[in-house]
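Let me give you the structure first, and then I'll get to my questions.
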Amino acid sequence: MKFFEKLMSIDRRVIFLFVGVALIVPLFLDIEQTIEITPEVQTLYDAFMELPPGSKVLMAFDYDPPSAPELQPQAITGLRLCFDRNLKVIIIGLWPMGPMQANLALETVFSEENYFDKEPIYGVDYVNLGYSPGNELVIQRMGSSIPATFPRDFRGTSIEEIPLMRGIVNFSNFDYVFNLSAGYPGTVEWVQFAVDRFHARMGAANTAVQAPLVYPYIGTGQLTGLSGGMKGAAEFEKLTGFIGKGTKFMLSQSFAHMIVVFFIIIGNLAYFVTRGREEKKTG
Amino acid sequence: MKAFSYSFTFYCLLGLILLATTDGLAQVESSDSLLSPLLPPSEVIAEDHPGDAGAAIIVRWKLSPDEDRGVTGYEIVRSTSPTGEFSSIGFAAAGSNRYVDANTEDSLTYYYKVLAIDVDKNVSESELSPPARSSPQWFNFHLLNLLIIGGLICGAVIYFIAHAKKGKKLFLRKIAGLEAVDEAIGRATEMGRPILFIPGILDMDDVQTIAAITILGRVAKTIAQYDTKLNVPTSRSIVMSTAMETVKEAYISAGRADAYSDDFVHYVTDEQFGYVAAVNGIMVRERPATCFYIGAFFAESLIMAETGNAIGAIQIAGTAMPAQLPFFVAACDYTLIGEELFAASAYLSGEPKQLGSLKGQDVGKIIAMSAIVIGALLETFFAISGSSFFGSLAELVHKLFSIVAS
Amino acid sequence: MRRQIPVVITFIVGSVLIISVFIPHKPFGQLGENFSVYFDIIAVFAFILGAGNLLRVHGNRIYKKHKDWPYSVVTVAGFTVMMIAGLFKIGGSPGITGDLTEPGSMFEDLYMYVFTPLMATMFALLAFYVASASHRAFRAKNKEATVLLLAAFVILLGRTPFGVELTSWLPDPLSFLEIPNLASWIMSVPNMAGQRAIMVGIALGVIAMALRVILGVERTYLGADSE
Amino acid sequence: MDSVFSHTIAAILTIGIISFLYKDNPLYKFCESLFIGVSAGYWFVQQYYANLLPKLFDNLGITKLVGAENAPEGALQALFLEGRLDDNLLYLIAGVLGVMMLLRLSPKIGWIARWPLAFTVGSSAGLYFITYFQSNAMSQLEHTILPLNSFNNLVLIVGTVTGIIYFYFSKEHKGVFGGAAKVGIYFLMITFGASFGYTVMSRMSLLIGRIDFLFGTWLGLVK
């Protein structure tokens, strides 16, 4: 059985090619996927929908470019949902590159065709306060005074001059906190400090690796909702109706997963066929 | 991170139970919450937080009798004078009866009040707490158990080191990955190809890197005898300096000072993936016959091990990063799993006192296993019989191992 | 002497740090934190040695016209340009305390368009390597490997839509056999047991290793005696 | 920078790294060399701004001394202006240790570089001793002490204990003990399989990001 022996020692580059194709092709396909909505994402969406117009949402961008494929679509969906519902958005970051990711997300939102009631204005409808070093201590400081923690926005404007920031003292002035997290500091710290200590209402989007670590907080109600990984991104997009990259990427990811499973099966099949001939021994 | 999430799950469960109880009760009785005004929490006590460096006061109170009727939480306010202005310092969830104010000055006296808040944002204020002052302590009694168990294990390690120094024979089983080291070096010599040693990507302030350097010392000594080329790219400067010294020493003690070159060890870059790019390049160009990946690794583990696999090198890995172990196990010929990494340098040295410390480690394992088994049995007896005797014994075992966070 | 003093330093620093955990009072309480700051500072100085080594290695290659010498020019140039762009904040606001990664500065541009794509792509190679490693390593070669394969396969399937549908027909009493449920059981029970054994082992290994170092039994890292 | 130009550079570098999958080639060598140089330069700058400046110069007051605006007062100001010994003066020790590290370059007194090294190794041995002991040993054990009243608890306890037996050094893996160690190996294998399977999936998304950059941001083929 030459064929199976070949399969046993298949050139890794063939596998690489399959993985590449599996990831690329779906980006050009328009396949209807059945995306089932999980309860965690539904409650996340509901939490946004329950906020009356004009409510203030704190968005914390705690990730950097390598995690962007999973989190950027969720950030974009979150921002569009807020602007669509006339919610005010205050952006901060505990990761140095976070606020930059926020700016990229805003750029994407504004570059697409939107049907917002009115064009969001910087400083009135949204603001980016930038990055502050200190990890979870930043959250703690925000609990006592946000103006002291973020005296300026990322452009260097004093927040006294920003209309949206007027009257914002601590977490009691926010109606919702939405955290996009790829690790530490991230959702765990936000729950410990903003939710447990300062009673904020909060939902989160996480990378697939992170999501299981924060899953327990949903059961306890510390998180109102959670959207995890590419699948969460796709669900969130489906709920809001803003179909974006999350849905597209989800398809790519499913294809790639199937390729991996396929190669494992092939590898074992080949192994058993060739070994079975040699020694008639299977385990 | 892992440890953290476990304990967190535990607290979440606890929270869930509390929430469920309070929630259930709230539903039953919330209808009459409008009838009477919200009652405040009572018996507010404030005292120095024990076992710390000062600057913290712990506030305790008796829950509001209306806890079951829609109290959503408590706000803690403080002032430096009983009649002065009180300012908010934080919140505690419904059902909790303590709060640590970790922002006090030891020279000042503080007064506290606790405010119950309900769903309708009604607020009801407690009586004033007695005055409190924070102060630092010289011993943290919360960690007494750590001292006891740590002392036991350290004692065992030191005892066996001393014991072995006297020349007593100690039996230690073989570790496959370490048995293979000589063979792997020999193979490289036969093939006339270099040996690559990757000491992880963390700096000397990580204990895995220290283990890696000590193993490098032993391995280099063998390599010196074989007269094979060694290549040690490092991703940290201090690791580079240390590795140079260590390899040099190994060559000198093997009597091959002449064969040593400063070029064996070189710095590449601190950047994780830049370092991997360079290591990949070295692998495909120099085609080492043997690759060691010993130390702390992250996502790069698989990139290196797969490239090493592609060039057909014998690969020996060792790390205490639980998340990377599976990749090494899958792609390398031998993997030193966690503890074996730290034991490796002692094994390879063959010195009795080093080996003695491994016996001490085993005593630690016996303590760990007995604690689990005895504790579990006591818990089981307690669960079956409900006898408070077993209950308190089980609690004692638990306490012995619990780390109290402030 | 030269070898004794370092051993004494290690002993004092190590044992004081261990003891200090039990003493919250100043100055012991903060020692651990302070020492890690000290380490960061020492590392900066050491970095001069590292960078010097990098330049020496590549300088030598250029000088000796090693076969890949033009690439060494690229390395040296990349290092120099990045360093100058950062230290002098070219295109950004000058002064010691200005923001380093100011939008529009040369350092930021290099970070965004050179450093980030290289880093992210190198990281992304993992997608290929996990596939080839799974193909090769996940084979039922023996009992251990079979157990590994089965655990991995259940988890893998549990995360694909296909795997979820594979067992969704199971009746309620058997719902624990549904692949997603099986996957989460593996993660939270046997996986956790294995993790705990590994972690306890690591802790004991670290303790013994640290004691060997602190007591001066292990001093390989100190290097050569004669100089 | 012009975005088409900068994206093209980023795209070439992306392709260069990916090309290594096929085989080593000049473009990869170029990217690799550039990556090493640029990242070492990046860390050099970061070391300066994130460590040396705030941790040594600010604490000692050197930043203020050289006339930087809004720099904090440091130990030197406290000493010379107020005649007070500030805690931050201790950072001078770190500075001295750092300089000692550099003396390695001198053949005569190079041995003094072992002092900062001994300090480093001693402090990490001390620190890790405690942190691993607390979070890896103690709290893991505490959470494993469970009543044997459910199948899951039983599996958890058997798995942990047999896993620890596998690591036991002082006894050959034979007989009953060997059997227990064997069970332990199975548990370790499940652990490795599970975490591998778990990570495989999350790694795929990394590549999607790069592909999207190439076909979307750069070429504009994917919307």
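Order of writing sets the chain letters: A, B, C and D. Residues in each chain are counted from 1.
Here is the rule we use: a residue touches a chain if its C-beta (ideal position, glycine included) is under 8 Å from a C-beta of that chain, and two chains touch if they have at least 3 such contacts.
This one's a predicted model, so the numbers in the text were calculated from it and none came from an experiment.
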Moving step by step through touching chains, the smallest count that connects chain B to chain C is 1
If I rank A-C and A-B by number of C-beta contact pairs, which comes first? A-C
Specify the chain most distant from chain A by Cα centroid. B
What whole-number Å value describes the gap between the mean CA coordinates of chain A and chain D? 24
Cα centre of chain A to Cα centre of chain B, whole Å, reads 28
What's the distance between the Cα centroids of chain B and chain D, rounded to whole Å? 14
Give me the residues of chain B that touch two or more other chains. 3-4, 6, 146, 150, 205, 207, 210, 238, 241-242, 245, 268-271, 273-274, 277, 306, 322, 325, 327, 329-330, 337-340, 343, 358, 361, 364-365, 368
The positions of chain D in contact with two or more other chains are 17, 20-21, 29, 31-32, 35-36, 38-40, 42-43, 101, 104, 114, 117, 120-121, 123-125, 127-128, 132-133, 136-137, 140-141, 143-144, 157, 160-161, 164, 167, 188, 191-193, 195-196, 199-201, 204, 206-207, 209
Pull out every residue in chain C that's touching 2 or more other chains. 21, 36, 39, 42-43, 46-51, 54, 116, 118-120, 122-123, 125-128, 130-132, 134, 136, 138, 143, 148-149, 152-153, 156, 159, 187, 192, 195, 198-202, 204, 206-207, 209-211, 213, 221-223
Residue ranges of chain D touching chain B (in the complex, touch as defined): 17, 20, 23-24, 28-29, 31-32, 35-36, 38-40, 42-43, 101, 104, 113-114, 117, 120-121, 123-125, 127-128, 132-149, 153, 157, 160-161, 164-165, 167-173, 188, 191-193, 195-196, 199
In the complex, the residues of chain B that touch chain A are 1, 4-5, 8-9, 12-13, 15-16, 19, 72-73, 89-91, 93, 306, 310
Chain A to chain C touching residues, read off their complex: 10, 12, 15-16, 18-20, 23, 33-34, 65-66, 96, 212, 254, 256-261, 263-264, 266-268, 271-272, 283
Please output the residues of chain D touching chain C within their complex, sorted ascending. 1, 6-7, 9-11, 13-14, 17-18, 20-21, 29-49, 51-53, 55-56, 63, 66, 68-71, 87, 90-91, 93-95, 97-99, 101-102, 104-105, 107, 110-111, 114-130, 132-133, 136-137, 140-141, 143-144, 152, 155-164, 166-167, 184-201, 203-204, 206-207, 209-210, 213
Contacting residues of chain C [partner chain A, same complex]: 101, 116, 119-120, 123, 127-128, 130-132, 134-136, 138-143, 146, 149, 152-153, 156-157, 159-163, 187
